[in-house]
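Multiple structures are listed underneath, in structure tokens.
Across the two complexes that follow, subunit A remains constant while its partner is subunit B and subsequently subunit C.
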Partner chain A sequence: MKILVLLKMVPDVVEELEVAADGKSLDLDFLRLIVNESDDHALEEALILKERHGGTVTAVALEAPDIDDVLFTALAKGADRAVKIEGADQTLSTRDAAGVLAATLPAVGDLLPADLILTGCQAIDDLDGFVAPLLAQALGQPYLGLVARVAPENGKAVVAKEFAGGVLGEYEVSLPAVLGVQGAEKPPRYVPVAKVRAAMKSAEIETVPAAPRPDAPSYEIGEMLKPEPVDRAEMLEGDPEAVAARICEILSERGLL
Partner chain B sequence: MAQAMVLEDTDLTLDSLLETPAGRRALSCIQCGVCAGTCPYGSVMINTPRRLINKLRAGLIEEVLTSDDLLTCVACYACWAKCPREIRLTDVLLPLAKEQVFLNLPEVPAELQSALESTLRYGNPMGESPRKRAAWVETSEVEIPIMRDIKRPVDTLWIVECYTAYYPRGQDNARATAKILSALGIDFAILGNEEKCAGECARLVGEAGLFDKLRDDNMKVYEKYEFERIVTSDPHAFDAFLFLYPPLGLSVPVEQTTPFVARHIEQLKPKLTKELDYTVTYHDSCVLGRHNGYYDEPRLILDAIPGVEIVEMAHTGINAICCGGGGGGMWLDTFYKAKGYDRLSDRRVKEAVATGADVLVVSCPYEVPRFEDSVKVLGYDDRLAVKDVMEIVAEAMED
Partner chain C sequence: MAKNVLVMAETWRGGITDASFELVALGRELADGLGGKLGVLLAGDGVSGMVGELGAADGVYVADAPALADPEVDRSCRLVAQVLEMDQPQCLLVPLSNISWDLTGLLPARIGAPLVNFCRDLTTVGGGIEATCVLYGGKMEATVQVAAAPVVFGVLPGARPADSGRVAGSPEVKALKFDAGDATVAFLRYVEPEAGDVDITQQDALVSVGRGLQGEANLDLAEELAELLGGAVCGSRPAIDQGWLPLSRQVGKSGITVKPKLYFALGISGAPEHLEGMRDSELIIAVNTDPDAPIFNAAHFGSTEDLLEVVPALIDRANEVKGG
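Up next, the complex of A and B:
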């Protein structure tokens, strides 16, 4: 079983996000990037599948700040190969990133065909979750998103896909396929820092040049704005009795009681 | 009693330990079982230090290293303090064994995983923004100089540490400490957002690689500045600076805030004018007490405060029961509960309540959240408050 996992860096919202001086991008001085959470789940699911069915896991990422740490961490967790795609514009839209991946991956030695290409089903800067379906389309492979479980068998995979209200749908998909992972069967594993440091000494990240962007940019960001704070909230202060009485008054004034 | 001492060999492993004097001493264990008898989890732990050493001698150590049982050790130094052979258990043998356990763990308990990942990424186990580490400074009555801003040498570098800097009740301790340092006229400054966790718990839970990284990162920051001493609010950081950082070049005197204030108590006494009317009982921090012998200093401070009467718990001094937060225990409550173990902080709070005290006084920033949780869970919040020594001192200083 040959599995490819696509990892991507997204803004870490532990820090406040700031708009850069150009008014249409995030200020990278005030920002640290972190691996996209559902991509981390995709990696975990890939490692679980490898442990269960054998095979190899290759972690692939477009160049980004701190991406080497993420790829070495993937190797320390049990990935067999790490590939970094260099030279792509780091402000690519989701659609263009999928285009670059689709054009680059086939050119990398011994990478495709893979039985499965797993990635996160969405990211905080791609809530539509378009990377995986666009890549699947470009590679001519089937796609399923919001995946919660994968069971490969004889050139096919039974895939559980999550729906609202905790309902799971079971699908059969022919391989190779691209899957957008919502959550792995268990939370992403911890890897001791010593193992990551050992991977940095003993393993290597392969670097490959990015294929040129296939078309002109599909869209551009016009403007980026922070939400404006407004003073519509009324804070009630005082002892609980008085606050409760005031809440009753407000509700009754607005005809809600 | 074993001697607290610097761990010179930064590359020591469980295998190489046995070639050293400390390792040979461990193998001289007389199997008396005092360690298991004094261990707060001795009744539930399978591989107590006695058994661990026995298995080591019998070639059965893999049994210990492939089980999660050693996570039960909360690094309280009870076995270390009482071993008649003076074997370096808590500071050397147990962390080296736990390092192997940690590498073998099929799954790291979730809360611990999150704390370790956050410490690696953000420099604090809560996962708070490193840029907000000094946010509490805005709420301090006295000015808090920050090294990067003042650009001059200081007498005292105050390492605030994670729980004191971020945890809301810890910040009460930070504000109190600032008030005291200022009243004493100490020329101090903090590192602000350049400060990171000292990493002692990472080492004692077995995540040695994380400790090494934090120590490397911290030493690079400390080397940028000039200071005559370090004072830290956290006994765990204090211990790391004393015994684990010197091989990397940290050589200034290090004090924890409680012994530091005790050393200045005569100077502070004229300012302690407010009558507090508290009956207090003091919980000896494992690191400050058993590992470093500071039993009298906190009591000396409490004795100097008008209106404070001290009563002692059944287990005190060298026999004090651990709060359960050391050695990673801070983030293993769910793990222990799943195994059916008692929460040690509950056990301790029951002892405090039995004294009739109305304040349980502590000197470690882990203890406030641990004991306040237990006080609430056990339903004693109408009769027992938990306060740091620094908070009590600041309270007694008239504004």
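Up next, the complex of A and C:
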């Protein structure tokens, strides 16, 4: 199978996030970016499929800070090629970014057709759309999201997606298709830094220019702000011993201990 | 021009979901605020008899066909596009649930309409609608307005109480003709989860762990605390994705919804997908070193001390209390 995996960078929410001076966006200074978690699962599922059924995996990403590290990591994990799309505005909305991908992928000689395009089912900044369905529609391909596993079968794929309560739904999907992956069958593999460094020496990231994107429907952000909860938790002060003592009191008062 | 509101009522395995009734309640408010009508689209197999549960709506578009028995995104997109054409609403509200997820993503792309995602609230402002959206895992919120119509709002669970939208009545019924056609994505079957050793919905106390637990080796601490409290251990998505716990212990969007008397959230950030599975717990105590973690907005009590220090201290003290 020929598989493309789309990777994107998102802010690491473990870090403190600040609103920019315009009051409508994130302050990008000092922001630490990491690869979108479900994109990492999409890469893992692609590598699992390659191991089982053969074929190639190509990691594709729009230019972003630290994206080279992410692409070299993908190569170190077992991807065959890494392609970076350069020249697109890095503050694009998800819908605009999908527009760039949809315009660029067919223009790069040998990327398409691919049997599968896998990407994460969502990202924490997907305010105006999800990449997988937007791209599927633009390329005229079938789409399924919240995907948990993929099994090729007679030129099609049997794809399981997550419902609630641990229930999966199995679908027969015509190929080629674009899938939004929620979780791979196994946790994303770990790759030692030494192997990534080796990939940096032995492999190359191909760069291609971004094609002009079509116009997307517009929306207006009024303001962005940190949520101010009505009922924030009562914070327990003191060292761990004091906190533990207070929790014990709370549980005892309620007959829970 | 009247500004109508349309709600997608999803059905799954024989009934209208709670998420749908939540949106009916929200849609009713918006329609009243805009001076328009509330339409609901009810699609599924054998759903005609459920119209009486949608009394809060002015009208219900009913598509009742065997081909609509299970969620199939191609068919739902065609059906909704048909109703949007007929109804010409200002907006369409879709539950951002696993059932309607694919429709929320694909429909706007297909019909060229704007989508506003992750909405936790919608209000009418000066003849239009303003959405409040949860971004960056719950660490930021944005208010969003869209001029074009129709706009699709993907609404997070919990926007309104489901019971507010579950109103008996006899709204006007408009039966839709539905041509099943071909599907490039065809439903085959459901795969039920393997029964876990413990049913976490039946526990009075749950000790739930997330990424902040740092490693499987620390799971023993959570197990010991759960045993002391007479409960069980469960987890958020990262704990399951890392293989620390089986799927049967996952709380949240793709997992299980729980309402225990006590929910300990250890090292859990509190992304919307997790909150929807536990926010109705009677008592929530959260321990997370990040003071900005959204879990503290859902918890009753919180601590930013290191859970690897708090939990052992708590176990010691609880043992003393029980022993004495």
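Convention: the second predicted complex is superposed on the first by the 218 of 257 C-alpha atoms of A that agree within 3 Å, B and C clash if a C-alpha of one lies under 4 Å from a C-alpha of the other, contacts with A are read in each partner's own complex, and residues count from 1 in each chain.
In this text, contacts are C-beta pairs under 8 Å (C-beta built on N, C-alpha and C of every residue); 3 or more make two chains touch, one makes a residue touch a chain.
If you're wondering where the values come from, they're calculated on a predicted model, not measured in any experiment.
A count of residues in subunit A touched by subunit B and by subunit C gives the higher number to C. When the shared chain is aligned, no partner comes close enough to touch A:107: not subunit B, not subunit C. Within the superposed three-chain model, A:189 lies in touch with subunit B and out of touch with subunit C [touch as defined at top].
Shared-chain residue A:28: touches no atom of subunit B or subunit C.
Residue contacts after overlaying the shared chain place A:14 against subunit B and subunit C alike. By the touch criterion defined above, A:256 reaches subunit C but does not reach subunit B. When the two structures are aligned on the shared chain, A:197 is found in touch with subunit B, with no touch to subunit C. Where the contact sets of subunit A with subunit B and with subunit C meet, they give residues 14, 16, 186-187. Within the complex formed with subunit C, the subunit A residues making contact are 11, 13-14, 16-17, 19, 24, 26, 41, 95, 121, 124-130, 132-134, 136-138, 142-146, 158, 160-174, 177, 180, 182-183, 186-187, 217-227, 229, 231-236, 239-241, 243-248, 250-252, 254, 256-257.
Taken in their complex, subunit B has these residues touching subunit A: 102-103, 107-108, 110, 113, 116-117, 120-122, 127-129, 131, 207-210, 212-213.
On the subunit A side of its complex with subunit B, the touching residues are 14-16, 34, 186-187, 189-190, 192-197. Of all the residues in subunit C, the ones that touch subunit A in their complex are 12, 70-74, 97-99, 101-102, 104-106, 108-110, 112-118, 130, 133-148, 151, 184-193, 204-205, 228-229, 237, 241-243, 247-248, 250, 253-257, 261-262, 269, 271, 283-287, 290, 292, 294, 296-306, 309-310, 313-314, 316-318, 321-322.
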